[in-house]
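Dropping the structures in below, format is structure tokens.
Two complexes, one shared chain (chain A), two partners (chain B, chain C).
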Partner chain A sequence: MLLNFDSLGSWRWVLTIIVVMVAAFLLLPIVFIAALSFGSSQWLIFPPPGWTTKWYHDLFADPSWLKAAWTSLRIAVAVSFLSVLIGLVASFGLVRGSFPGRAFLRGLFITPMILPVVVLAVAIYAFFLRIGLNGTVAGFVIAHLVVALPFSILALTTALEEFDRSIEDAAVLCGASPFEAKLRITLPSISHGLFAAAIFSFLTSWDEVVLAIFMASPTLQTLPVKIWSTLRQDLTPVIAAASTLLICLTIILMLIAAAVKKGLKK
Partner chain B sequence: MTHPFLEIRGIRKEYAMIPAVRDVSLNIRKGEFMTFLGPSGSGKSTTLFILAGFQDPTAGDILLEGKSLLSTPSQHRNIGMVFQRYTLFPHLTVAENIAFPLKVRRWPKARIEAKVAEMLRLVRLEGFETRKPATMSGGQQQRVALARALAYDPPVLLMDEPLSALDKRLREEIQVEIRRIHQQTGVTILYVTHDQEEALRMSDRIAVFSKGVIDQVGTGEELYANPATRFVAGFIGDSDFIDCELRGAAGGKAKVALKDGLEIGGIPLHGEGKPGARVALMLRPERTRIDPAGASGGAIPAVVTDITFLGSNVHVATETETGAPVSVRLPFGHPSISALARGQKVGLGFDPAEAHVFS
Partner chain C sequence: MALLTLSRSSVGLPGRNLLLTLPALLLVVFFFLLPVAILLSRSVTEPTLGLHNYVELLGSPTYLKIFYNTFLVSSLVTIISLLIGFPVAWALAIMPRGLSSVVFAILLLSMWTNLLARTYAWMVLLQRTGVINKTLMGLGIIDQPLQLVNNLVGVTIGMTYIMVPFIVIPLHGVIRKIDPAILQAAALCGASRWQALRMVLIPLARPGIFSGALMVFVMSLGYFVTPALLGGTANMMLAELIAQFVQSLLNWGMGGAAALVLLSVTMALYILQVRLFGAKG
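Moving on to the complex of A and B:
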């Protein structure tokens, strides 16, 4: 290897300190929030003067928080499902098809990833205003699909390209129809790509806030929007509790994704 | 009138106007082991893919027992195929892989189980039922692929360089297995390779592909003894070519003159040629004689450039006075060997009836 850690001498310590600092920079806010959510002070004082689970009780006692979480979950599941489905069909076209402009189309599908979300949000908002989709679950789902699809397409085109087409051809020659071969052979073979697409799409929707703020109505809002709007009204540790739970679910999903990936490699 | 078992009739295939297969016609007998031999890009795989139904020919037809296959989609052709790359279904076990075509055909469970066991016996992989493809060697995977392709008793089995990813020893081992399985099952096999030794070892007949056409079809012996084109002569067995001029042709025999004026007659002529045309004289290293005493009485004068010991035989490289390299293979212990040295002037002789002239 070009950079061998063991042969770096005293640079090892410099490197170690830098890595620890970067990790701390990334992780401390999360630890901070989690600590505050269990702190007894109403004013988010750090370090907390004492410990309590009161804020979690408050959180679960308030139906508006639960409603927001439920809305978030429903939307994220729908986005995840549709993103995989549409991403799969699109990826088959992009990888297997032979039509002019294929490479261009592939680039086009990825653009929502690099476009500023606010720009997308304003455009979608203006468009949905006309067709009356603002403040509806469908509006949320479609808006989030726009930003989730690139992840899905990226994961699935990669998986499909790595998959040897001859394996599907072999299944067809074995007597399976092309559709059956895809369903029974190709899809299970690219399951890691399907999982990755599903989880990243879910997470994209689950903690997305900019589009959600534009889509939300007083009666329909996702968890990140609820956190955001509560934050503007008053600074209560309940927000810290909600954020902690949001982060927990995200971490759990990432761990599942990692475990699935590892399990599939075997 | 009886039909040939499998007939390939005037197949042509173009990719974006560039022909990959130009005009291929071939009749294959039931139970025959037919090999497509040819260099890379000569259209062997394309022909096989057309038979499998993965590609449609631009022109021509394929008939199995007199009935055209072209309108039948791949999944209904009932053809078996083993691919160059490993194509076992990665998420299924060995037994599930072999059972796949049978499940698709909705065979009853007991019959599937019996057939899977029979196929595993055939390829000698009993005890591998529950293994996943990723845990097996390339040779084992190709044997499972063979079992899967034969499980539904296809009338025709296609094999596209199934052994090219294996090392030499393993390749020879599986070649023997495939021969045995061919004899045991009687299945008609179309086998693609660019390895002449593999083709000679395994096939009943060989079709030599070159640039999208079949140059010649025949048994290994026929191709070796009577190559129809210069390409076939160069591809089957070792050969040297000497440029010369055609002096006359009669009754399929040619009389040629080497550059130094030496005339030799009575050599089988392949192709057309008018007197004065430039032609190639082909010699086989194992049939060429070498006279350490030098050229006399119609022998071709040459100089030894190198002598290489190759175990059971000795390879003598020479160059004729006109500059053409000609090699001679002598069995180990041949009396001439001790009399040869590098730089020595020798005479090369051959039996005109065994040589060939190509226009």
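Moving on to the complex of A and C:
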């Protein structure tokens, strides 16, 4: 009754209305930002009195925005690569090994995801003050790696556990070296896990703001830090333009993820 | 089989798998455990050895107000997210596929959109001359603009927006696994829709409701960005207090003490979650 949409009677409409309203609530800010980024009002009046691309010109005319985006991109790519690499190696150890303390280690590797990020940010900031890593690309990569690695380990241990190991053994029996078997049989079979690990790690770093606020220096800041410090001064429509571009990037990544998922099903 | 066992054991030493976790372990120990341990230890060593920082933190009305704010906002966000999230999760589990995948895409889009972009949108929407106030005034519901930002109302709205997907997605999975025949049985036994909802569907979905609520509550307790931007300086929450101790006041002792309080509550609730619902919750 309650779990059959067609026999819900009048409740069907109540539920549908709630879903439509919540969907509108979730979409509202995103659509609104995109519309305002083309609005001509400096004070973000809505509906805008006219339409303009001025804010996008302003955005691209200011080299500090491009520089921040480039810094973010470099850091996120490095984090993504290292997170998948370290995560893959560790996942092999965790899934295939039988040493004592395996469950404990697994829990330990996930902990940075549960911990409030502000605690980690303050702790790492203090630690980096001592060893001089604040305001360096290496510092950003290390700090983001700490929060990205749990996603890799979760995605890759799950993928490795689902993979039937006897296929790898069969390759070894057929004459492949253990390393070759892993490279040519196991890795392609867990490619969805690798992909998920890479994309989550990338996004974790690309969108990360709390760690970055503490570590940023006047000469080295990521895109979220640039948005944050601009936001603290005023609500300029330039941020709407930057946000709209970020939303477009999100949609592109979602479409890629959906396409990859579809490709895997075939 | 004998050959296989042979090849597996001849690959390396028994500790090889442990060795594979070494890079991850080094990272976690040196850049996670060690910095956090140093920070927490400073709460009892700075400025002098002892528990002064904790006495000050838990004894002053200013700080107690911040604990109260944090608890209040987190509770409100959790309750409102549940009230909004439950019907949506329920509908998603039973709606026609095409429709539910559209709603799912919207959920994911909102979740994946940059946090600052979303918060910025709410700052603009909720300001005095913003769309929400203008619409309400246009409809004649209010005649003075409401104060919706720089207070806890703004923080609650902005954070609820962020947390709803975290309720809907896991809860939808729980509800989808419930056998529809159980609800049919309830109907056959004469239960009205309300009775079936209250006495069958909600109790069966309870693990999903509790674990989702606990997760949202824990995340809200330590949230930094949205409260800092939508709440203004007069309505601080715990995460901002920690940041302020460290960044503006350079008071590492108090910062460490506040961090320990936040950390203990988070960890206690997380352990409760694992105990109640298993590690997957």
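Rule of thumb we're sticking to: the second predicted complex is superposed on the first by the 264 of 266 C-alpha atoms of A that agree within 3 Å, B and C clash if a C-alpha of one lies under 4 Å from a C-alpha of the other, contacts with A are read in each partner's own complex, and residues count from 1 in each chain.
Here is the rule we use: a contact is a pair of C-beta atoms (placed from the backbone, for glycine too) under 8 Å apart; a residue touches a chain by one contact, two chains touch by 3 or more.
In this text the structure is predicted, and so the values were computed from the model without any measurement.
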Chain A residues touched by each partner, larger count belonging to chain B or chain C: C
First, second, both or neither for A:Ser98, with chain B first and chain C second: second
First (chain B), second (chain C), both or neither touched by A:Leu108: second
Which of chain B and chain C A:Gly39 touches, first, second, both or neither: neither
Partner chain in contact with A:Asn4 - chain B first, chain C second, else both or neither: second
Chain B versus chain C as contact partner of A:Gly193, first or second or both or neither: neither
Partner chain(s) touched by A:Leu246 [first = chain B, second = chain C, both, neither]: second
Contacts of A:Asp169 with chain B and chain C, given as first, second, both or neither: both
Partner chain in contact with A:Pro116 - chain B first, chain C second, else both or neither: second
Interface residues of chain A shared between complexes with chain B and chain C: 169, 172-173, 178
Chain A contact footprint on chain B (complex, rising order): 52-54, 74-81, 83-91, 100-101, 104-105, 145, 148-149, 152
Partner chain C, residues of chain A touching it in the complex: 1-5, 8-9, 11, 15-16, 18-19, 22-23, 25-30, 32-33, 36, 43-46, 86-87, 89-90, 92-94, 96-99, 105, 107-109, 111-112, 114-127, 142-143, 145-146, 149, 153, 169, 172-173, 178, 203, 207, 209-210, 214, 224, 227-228, 231, 235, 239-240, 242-243, 246-247, 250-251, 253-254
Sites on chain C touched by chain A in the complex: 3-4, 7-8, 11, 14-21, 23-25, 27-28, 31-32, 34-36, 38-39, 42, 84, 87-88, 90-96, 102-103, 105-110, 112-118, 120-125, 127, 129-131, 134, 161, 164-165, 175, 178, 180, 183-184, 186-187, 193, 196-197, 200-201, 218, 221-225, 229, 239, 242-243, 246-247, 252, 255, 259, 262-263, 266-267, 270, 279
In the complex with chain B, residue positions of chain A that touch it: 164, 166-167, 169-178, 180-181, 185, 188-189, 191
